[in-house]
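Two complexes, one shared chain (subunit A), two partners (subunit B, subunit C).
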Partner chain A sequence: MSLYRFLAEGIFFGFIVLIVFGGLLTVRARLLMHAVLGLAVAFIGVAGLFFHLGSPFMAMMQVLIYVGAVCVMLIFGIMVGQSPSQTDQLRIKGSNALLASVTCVAGFVLLTATLIRSRWHTATEQIGDFTMQHLGTSFLHQFVLAFELISVVLLIAILGAIIIARNPEKGSAS
Partner chain B sequence: MTFLPPELLRILVTVVCAIVIVFGNAVVMGYLERKFAGRFQRRPGPMEVGFHGILQLAVDGVKLVGKQLVIPRHADPVLYRIAPIISFAPSIMPMLVIPFSPKLQGRDFDVGLIFILAVVSLNVLAILIAGWSSNNKYSLLGAMRSVAQNVAYEIPMLLTLMSVILVTGTFSLRGIVEAQTNGIWFVFIMPVAFIIFFAATLAETNRAPFDLPEAESELTAGFMTEFSGMGFSLFFMAEYTYMFIACSLTVILFLGGWQGPPLPFAEYSSALWFFLKVYVLLILMIWIRWTFPRVRFDQLLNFCWKYLVPFALVHLMITAVVLKL
Partner chain C sequence: MTPSDSLTIYLIVGAFLLFIGLFGMIRHRTLIGMLISVELMLAGAGVNFMAFNRFTAPDPAVGQAFTLFIMGIAAAEAAIVISLVIAVHRRFHSVDPQAIDEMHG
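Our next item is the complex of A and B:
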C-alpha cells in the first residue's frame, strides 16, 4: 500500500471516529449545549466523508448549512435557557424507560437487518458526475418540482414562526 | 533521496506559510491599528519600545502569554477553553486557497470561494460558545447580537457574490482573478456591489461601526468579557485574520487580485500588488472604525434588511438580465 493510500485510509477512519464521537456526545450529554456541539462535530465528520469521497462541493455545503446555520440556530435557541452550571438529571422512569428501550431495540434491529440484507457493490471507479454543473442542471431541470416545493416548505415554516411569535392579543402593545 | 514525498512536502510548506501569514498579519495589524488610532485622535500612539514603538506588539505578546487564564466559577470549563481555539483554528484554513500571485497559491480549489465562506461560518459558532460558556450576561448578550448580525449580513454578502459569480461562471478564486484582466476590474463594472460587499464584510468581521457584539461602552467587551491572556489574544488574532480574509476576498472579487503594473518575476512578485491592495482596504477599515460612531442595533438591522438586501437583489437581477442580453 502506498503512503498516500495509507494516509487516505487513516483520514477516512479519523472521520469515522469523529462521527461516532459526535453522535455519542449528542445522546450522552447532560447539557443541551454539549449535545448540539456533539451534533456539530458529527456534521463536520460527515463533511469530511463527502470530501474523502471526492465531492468537495457537498462537503462545503454540509459545513456551511448544517454547522454554520442549523447548529447556530439550535444554539441560539437554547443558549438563553440553561446556564452552564445547571445540568439536567436523567428523567426517564417507569413505563417510559420500557417504551424507550423497546423503540431503541426495534430501530437497531430494523437498521441492522437492512444493513445485512443489502448487497454492497464496490465502486471500481467514479460512476456518476458529481460536479457543480451536473448538480445545477439536475436541480433546475430534472428535479425542478421537488426543488421548488422545498422552498415552499421553508416559506411556510417561516410564516408559521412569525404567526407563533406574534402577540396573540391584538391591540396590546408589546 | 527525497526526505519526504513531494506532495507531503508541499502541504507542509503551504501550512507553515499560512500560519506565518496569519501571525505576521496579526502583528502588522495590531501595530497599524494602534498607530492609526493614535493619529486619528491626535496623539502619537505607541512610541517607547523600539523605533516609533515598532516592538510594542512583541512586548504585548510576551505579556499576554504570561498572563493567567482565569476561568469564572460557574463557567463551563471545557467549552470555555476550546471556544478561542474554535474561533482561531478555522481562520488559518482560507489562507490555503487564497491566490496571492499566479504561482503563490496553496491549492486552486474548484469551490474555493465556498470553502472560505464555509470555514469562516464556524466563527459564529465559536462566538456563541464563548458567550454562553462564560456564564456572564454581557457575554451572552454580545454573542446573541453577533449571531443576529452575522446571519442578517450574510444575505447581502452572498447576493453580491452571486453577481460576480454570474459574470465569471466559476467559484475558483484564481478563475475570478483571471476574469478581470486588462484593468477591467469588477469594481468599475459593479461599484454598487463593491460597496454592499464591503459594508457587509465590516458587519461580518464585527468591526465598527457594526461592532455591537463587543461594544465596550454597553457590554464591557461583549462575548470576550471573561477571557484573559491567550484566550483573549486568540480571539483578537482571529478577528484580525478574519479582517484580512474579508479584504482578500474583496480584492479578489472586485479589485483584480494580484494584477497591477508589470514587475520582474511577475509570477511571484505580483503578490506585492495583492498585499498592497489588501492593506489599503484594511487601513480603510481602521479609518472607518476610528471615525464613525457605533450604530444602534435597530439601525444595524434596518440598514441590512431595508437597504442592503433589496439593493443586492436588484443588482443580482440586473446582472442576470444584462448577461442574458
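Our next item is the complex of A and C:
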C-alpha cells in the first residue's frame, strides 16, 4: 500500500470517528446548542464519507445544505423557542433511558451482525460516470419530473412555514 | 481491499446513524431535540444511498440524485418543524411535547 493510500485510509477513519463523536454528543448533550454542534460535526464526517465514495459534489452539498443551512436554522429555532435553562429537565431519566439505550444498542448490534454476514456483489473499481456533468445531465433528462417536483415542494414548505409561524392576531389585523 | 473500499463499513456507519438518531429521538423530550435526531437518521439514509450507488449501481447519477432529494426534503421538513415549534411556543409557552395535550378529550 502506498503512502498516499495509507494517509487516505487514516483520513477515512478520522471521518468515521467524527461521525461517532458527533452522534454521541448530539444525543448526550445537556444543552440543545451543544446537540446542534454535535450534529454539525457528524455532518462534516458524513461529507468526508461522500468524498471517499467518489462524489466531491455531494460532499460539498452536504456541507453547504446541512452544516450551512439546516444547523443555522436549528440554532435559530432554539434561540427563538426557549431559554437554555429549560432543557435540563426535558429528558427522560432512570429506567426509561436505560431501556431506550439497551433497545438501540441491541438493534445496532443485530443490524451490524446481519450486515457483516451478508455477501454483496460489489464493484471493486468505480464504474460509470461520476462526473458532475453526468449528474446535471441526468437531472434535466432522466429525473426532470422529480427535479421540478422538489422545487415545488420547497416552495410550498417555505410558504407553509411562513403561514404557520405567523402571529394570528397580527395577521388578521393587517 | 482497503477499508474505504468495503461496502460493509459504510452500511455499518449508516446503521449507527439510524440507531443513534432513534435513541436521541426517545431521549430528547423537546421538539427541537427530536428534530435534530431525525436529521441524524436522514443522514444515515444518505450514507446508505451513496454507498450502494458507489458499489452496486450501474448508473452513478441515480444514488446521487436520491441523496440530493433527501437533502431537499430534510431542509423543507426542518423549516416546517421550526415554524411549528414557534407556533406551539407562542400558544403554550412550552416546547415539552407532554404539555401540548389540550385535545386529550
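Note that the second predicted complex is superposed on the first by the 131 of 174 C-alpha atoms of A that agree within 3 Å, B and C clash if a C-alpha of one lies under 4 Å from a C-alpha of the other, contacts with A are read in each partner's own complex, and residues count from 1 in each chain.
What we mean here is this: a residue touches a chain if its C-beta (ideal position, glycine included) is under 8 Å from a C-beta of that chain, and two chains touch if they have at least 3 such contacts.
As the structure is a prediction and not an experimental result, all values here were calculated from the model.
K.L.:
Regarding the shared-chain residue A:Ala69, is it in contact with subunit B (first), subunit C (second), both, or neither?
P.N.:
both
K.L.:
Report for A:Tyr4: first if it touches subunit B alone, second if subunit C alone, otherwise both or neither.
P.N.:
So A:Tyr4 only meets subunit B here.
K.L.:
In the superposed model, which partner reaches more residues of subunit A, subunit B or subunit C?
P.N.:
Counted on subunit A, the partner with more touching residues turns out to be C.
K.L.:
In the superposed arrangement, does A:Met60 touch subunit B (first), subunit C (second), both or neither?
P.N.:
first
K.L.:
Which partner chains sit in contact with A:Phe13 here, subunit B, subunit C, both or neither? Use first/second/both/neither.
P.N.:
In the superposition, A:Phe13 touches subunit C alone.
K.L.:
A:Leu145 in the overlay: touching subunit B, subunit C, both, or neither? Say first, second, both or neither.
P.N.:
A:Leu145 contacts neither subunit B nor subunit C.
K.L.:
Which partner chains sit in contact with A:Gly160 here, subunit B, subunit C, both or neither? Use first/second/both/neither.
P.N.:
It touches subunit C, and subunit B stays clear.
K.L.:
Based on the superposed arrangement, let me know which partner A:Val80 touches: subunit B (first), subunit C (second), both, or neither?
P.N.:
both
K.L.:
Show which residues of subunit A both subunit B and subunit C reach, each in its own complex.
P.N.:
Comparing the two interfaces on subunit A, one with subunit B and one with subunit C, the shared residues are 57, 61, 69, 76, 80.
K.L.:
Under the touch definition given earlier, write down the residues of subunit C that touch subunit A in their complex.
P.N.:
Touch list, subunit C to subunit A: 1-13, 15-24, 26-33, 35-37, 39-40, 43, 46-47, 50-51, 53-62, 64-65, 67-69, 71-87, 89-90, 95-96.
K.L.:
Can you name the residues of subunit A that touch subunit B in the complex?
P.N.:
Subunit A residues touching subunit B: 3-4, 31, 33-34, 37, 40, 56-57, 60-61, 63-64, 67-69, 71-72, 75-76, 79-80, 83-85, 132.
K.L.:
Over in the complex, which subunit A residues touch subunit C? Could you list them?
P.N.:
1, 5, 8-9, 12-13, 16, 19-20, 23-24, 26-27, 32, 35-36, 39, 42-43, 46, 49-50, 52-55, 57-58, 61-62, 65-66, 69-70, 73-74, 76-78, 80-82, 86-87, 90-92, 97, 100-101, 104-105, 107-108, 111-112, 115-116, 120-124, 126-130, 134-135, 137-139, 142-143, 146, 150, 153-154, 157-158, 160-162, 164-165, 167
K.L.:
Within the complex, which stretch of subunit B touches subunit A?
P.N.:
5, 7-8, 74-76, 79, 109-111, 114-115, 117-119, 121-122, 124-125, 128-129, 131-133, 135, 140, 143-144, 147, 151, 171
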